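Both of the next two complexes hold chain A, though its partner changes from chain B to chain C.
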Partner chain A sequence: MRLLKDALASKVMLVLTFFPGLVVFLIIIGLYLRGRPILAEKPLFSLLFSSSWAPGRGDFGFFPFIMGTLWVTAVALIVAVPISLLASIYLSEYAPRAVQEFIRPMIDLLAGLPSVIYGVWGVLLIVPLVARIAPFFGGTSSGYSILAGGLVLAIMIFPTIIYVSLEVISSIPYELREASLSLGATKWETVKHVVLKKGLQGIIAAIVLGLSRALGETMAVLMVVGNIPKVPQSVFDGGYPLPALIANNYGEMMSVPLYDSALMLAAGVLLVIVLVFNVLARIILVRVERRAG
Partner chain B sequence: MEQKPHIRIQDLSVFFGRQRALKNITIDIPDKKITVIIGPSGCGKTTLLKCLNRLVEPLDGVKVSGKIFVDEEDIYDPKVEVTHIRKKMGLLSQKPQVLPMSIYDNVAYGPRLHGQKNKKKLGQIVEHYLQMAKLWEEVKDRLSEPASRLSVGQQQRLCLARGLAVEPEIILGDEPTSALDPQSSQNVEKRLIELKNDYTVIVVTHILRQAKRIADYIAFLYMGELIEHGPAEGVFANPKDPRTRAYLTGEIS
Partner chain C sequence: MRQSLAPRNLRRRKIEENFFRVLMAGSVLIVIACLGLIVGTIIWKGLPALSLSMITQTPKGGYYLGREGGILNAIVGSLYLASGATLLAVLFSLPIVLFINVYARKTSRLATWTRFSFDVLWGVPSIVYGAFGFILMVFMGLRASLLAGIITVALLELPIMSRAMDEVIRLVPPELLEASYSLGATKLETALKVVVRQSLPGILTAILIAFGRGIGDAASVLFTAGFTDRLPTSLFQPAATLPLAIFFQLGTPFPEVQARAYASAALLTAIILLVSLLARGLIKKYTKHLT
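Entry: the complex of A and B
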């Protein structure tokens, strides 16, 4: 009887483990089936690289949305990565224990806030701020822009990157730092040459986690990014990332032909972008691993 | 002691929080000899060793009182630069800690930090110290490989070469053979004995036979106190304190 239970438990767990993988697969199939009608009418290339978006006239060009997604994500990473890395280095290497104990729960809290709160905060603070500083860079902006979206996103992915890289850095044995220090290296030299190098793999993984979150984040970005279906020319322009496109329009497509199919395809494109970045990250990780031995 | 001591420790106490790890240690460590610190685990041997190059820093609840003079310079004096102190000492830890870089870069790491930029000179330094650690023959054809691919015994000799390359005066060993197989251990012991011609060597160990093989001078620590110290033959043949005797005969360990 006990053996039977044991065998059963392992089978059940096996099935449950495969479940998430199965879901990914189902999503891909679903998106493909629903996106097929538009692919049947228009070549994929023109869908991906045309900038004209006028569903009423039957024009579905995803290029502005793809660029919107990439721009917002790039801004978010450029802002978030250096700050989060320095923060986690400070917390693990320099901060007195009291500071660590004070900051850590705050980071956890930041990670748990619903994204709509970030969105509201972005509208109240970041958007006006961007509108205010745009003239200094020789432009004008309503504030609802790529920059605002990127900044809000950056703040949202801080906790992820800080948390994971902090874990990675603190798992490096103290004796390794001592080895470097005992050769007369300063603390900063030790961090730069030894700690960061040793933790590089984990830090890349942390950045990829942040990146994935940034690519997919919908609500907070949608609220501050402007939602203008044009390819942005500068960070002060409005943009329209893919998640925002889908969330804004799905359910309000009326009976425009192919609109529904187009949005499904947009979701598919987003999925592919996320996949591509994940695979790239995997490749980089393998490289790093090989070099580190 | 007829010779001038290299290191003088005066009334050193260390607290971790409320716990006292070292109690009023006073000892002179002779120049160009192997001093072995023995004692049961948790007696403060490693703490004492780490105080010598200030890896024990008064921070986060750690308190250090007393004085340590290296070449008559008080190393815990706030005016003294800590990197200057550490550069004087090479450290061998329990488990060899190779830096996450190539074999070559591991040895060149210290000299580079201290300003050696000349490629040719660096190459000479790397070869010289790898020779000295008797590792050169085994690695000369694969200097650019990650150091982590070496065996543990080779890694420990690499750590020795790396430590020597910053031209220290003192070699500190924290149970440097505890992770090694007997052959590699013997290899490291031999290197240490050769090194005492030019360096002051201080080794922490809990292996009594190792202490007997290499020690010129012995310090016995017990529960954070320095119980007995003196020339090795004397302490081994004729321990004065009953606790030392108990430790040497294996009654406490």
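Entry: the complex of A and C
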């Protein structure tokens, strides 16, 4: 009886274990199937590189949205990468244990805040700030802009980059640092020549994970980025990233022909890009881990 | 190694050292300041808006235009949705994690692949879960409803919960399993009575983390849970949620309606803070238990 129960449980669990892999497939297949009607009418290439967005006339050009995503993500990375890397080096190499233990929960919390909260904060603080500083750079801006989106996004990906690089840095053997220090190198020189060099691959993986997080982030960016379907010319312009497009139009998409198909295709494209980056980062991380272990 | 290591230019090297030290400490400060600013702003705006009537009444005259009433619809909707989704996610992730740690060998191909798919799922943006949930919903013939929202959010929570559970269950010493087998226990009994008990605080932490993620996510419920002024009374009715209450009500021209958004934001932040404090407390207890 007990053995029977055990055997039964093992079968059920085995079946369940295939579930996560299955979900990955189902998502891709589902989005593909729903996106197919529009692919039947227009080649993927022209959809991705056309700038004309007029669903009512049947024009679905994703180019402005792809550019919007790239601009926002680029701003976010430019801000987030140096700050998070410097912060994680400080935490792992310089900070006393007490400081580390004080700061870790805070980064946890930053990672746990919902994206709408970031959005509200962006609307209240970052958007007016951007509107205020735009004239100094010779532009005018309502504040709802690529820059505002990028700044909010940067803060959102701090935890991802900091966590992964902390892990990578801590996997570097301590003896290497001691060797460098004993040769008379200063702490920073040790970081520069030993830690950064050894951890480079892993740090790249950390940045790529941050990047893929940024690409898919929806609500916070949507709330501050302006949502103007044009290719942005400067960081003070409004933009319209791909995730925001999907989120903003779910209401109308059923009433215009092919609209839902276009949006699902957009989701599919987004998913594929994000997955490629993700898998890449994971592969690098696994290799780094194996070498360390 | 390098020229820079020669004692030739000690002063310059010292300056470089200090320069970067300041830069690094500054970066940490920026990160912490951002957290402080965000939480501070939300509380500063939200606290005055929170009143008893705000959390005990549903909005009157439409959530977008009506100037009276509160956010009870979103509070109840969010709690239902996140609890349901978390429960559903536990039902899937606990057996899977137990299987790859107890039944399959820890380094088996199946276990590796499952962990890998969790990693992949973890990286899927929540808007894509939303779109997929929408497809699933249409496929099953559902309308935007509590149930559709629960399923979508459960999918979103699954990888988060499973990875967190896997991390603690992996730490259960193999000797403990062997001791249990040698007493004649089956694998199932070992999994439930030894492994789960041993890592219970960690499992609860994983559940809490997933709950926090589920209750705060907006993009996944946008398509699937709908939004309504009323309290849901069945799984097939649409349900309001706190994140969407913030999103929809922030953009109105009426300060009274905006106040509802700020109140929702403060409340949501408070829930997240509470959940992460609880999780932290459990981790503390757990690590004490281990040593």
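Odds and ends about this structure:
Here is the rule we use: the second predicted complex is superposed on the first by the 254 of 293 C-alpha atoms of A that agree within 3 Å, B and C clash if a C-alpha of one lies under 4 Å from a C-alpha of the other, contacts with A are read in each partner's own complex, and residues count from 1 in each chain.
Definition applied: a contact is a pair of C-beta atoms (placed from the backbone, for glycine too) under 8 Å apart; a residue touches a chain by one contact, two chains touch by 3 or more.
Source: prediction; values computed, not measured.
Of the two partner chains, neither chain B nor chain C is touched by A:V168. Applying the stated contact rule after C-alpha superposition, one finds that A:K198 touches chain B and leaves chain C untouched. Using the contact criterion defined above for the overlaid structures, shared-chain residue A:L263 touches chain C, although it does not reach chain B. By the document's definition of touching, both partners, chain B and chain C, reach A:G184. In the superposed model, A:L77 lies in contact with neither chain B nor chain C. In the superposition on chain A, A:L176 makes contact with chain B only, while chain C stays out of contact range. More residues of chain A are in touch with C than with the other of chain B and chain C. Using the contact criterion defined above for the overlaid structures, shared-chain residue A:R97 touches chain B, although it does not reach chain C. Of the two partner chains, neither chain B nor chain C is touched by A:L153.
When both complexes are overlaid on chain A, the residue A:L47 reaches neither chain B nor chain C.
Shared contact residues of chain A with chain B and chain C: 180, 183-186, 189, 193.
Interface of chain A with chain B (complex): residues 96-97, 173, 175-176, 178-186, 189, 193-194, 197-198, 291-293. Partner chain C is touched in their complex by these residues of chain A: 2-3, 5-6, 9-10, 12-14, 16-17, 19-21, 23-24, 26-27, 30-31, 34, 82-84, 86-87, 89-91, 94-95, 103, 105-110, 112-121, 123-125, 155, 158, 162, 180, 183-189, 191, 193, 209, 212-213, 215-219, 223, 243, 246-247, 250, 263-264, 267, 270-271, 274-275, 277-279, 282.
Taken together, the chain C residues at the contact with chain A in this complex read 1-2, 4-5, 7, 13-14, 16-17, 20-21, 23-28, 30-32, 34-35, 37-38, 41-42, 45, 92, 95-96, 98-100, 103-104, 110, 113-114, 116-121, 123-132, 134-136, 139, 155, 158-159, 162, 186-189, 209, 212-213, 215-219, 222-223, 243, 246-247, 250, 261-262, 265, 268-269, 272-273, 275-276, 280. Those residues of chain B that touch chain A in the complex are listed here as 50, 53, 55, 59-61, 83-84, 86-87, 89-91, 93-95, 97-101, 109-110, 113-114, 145-149, 159, 162-163, 166, 172.
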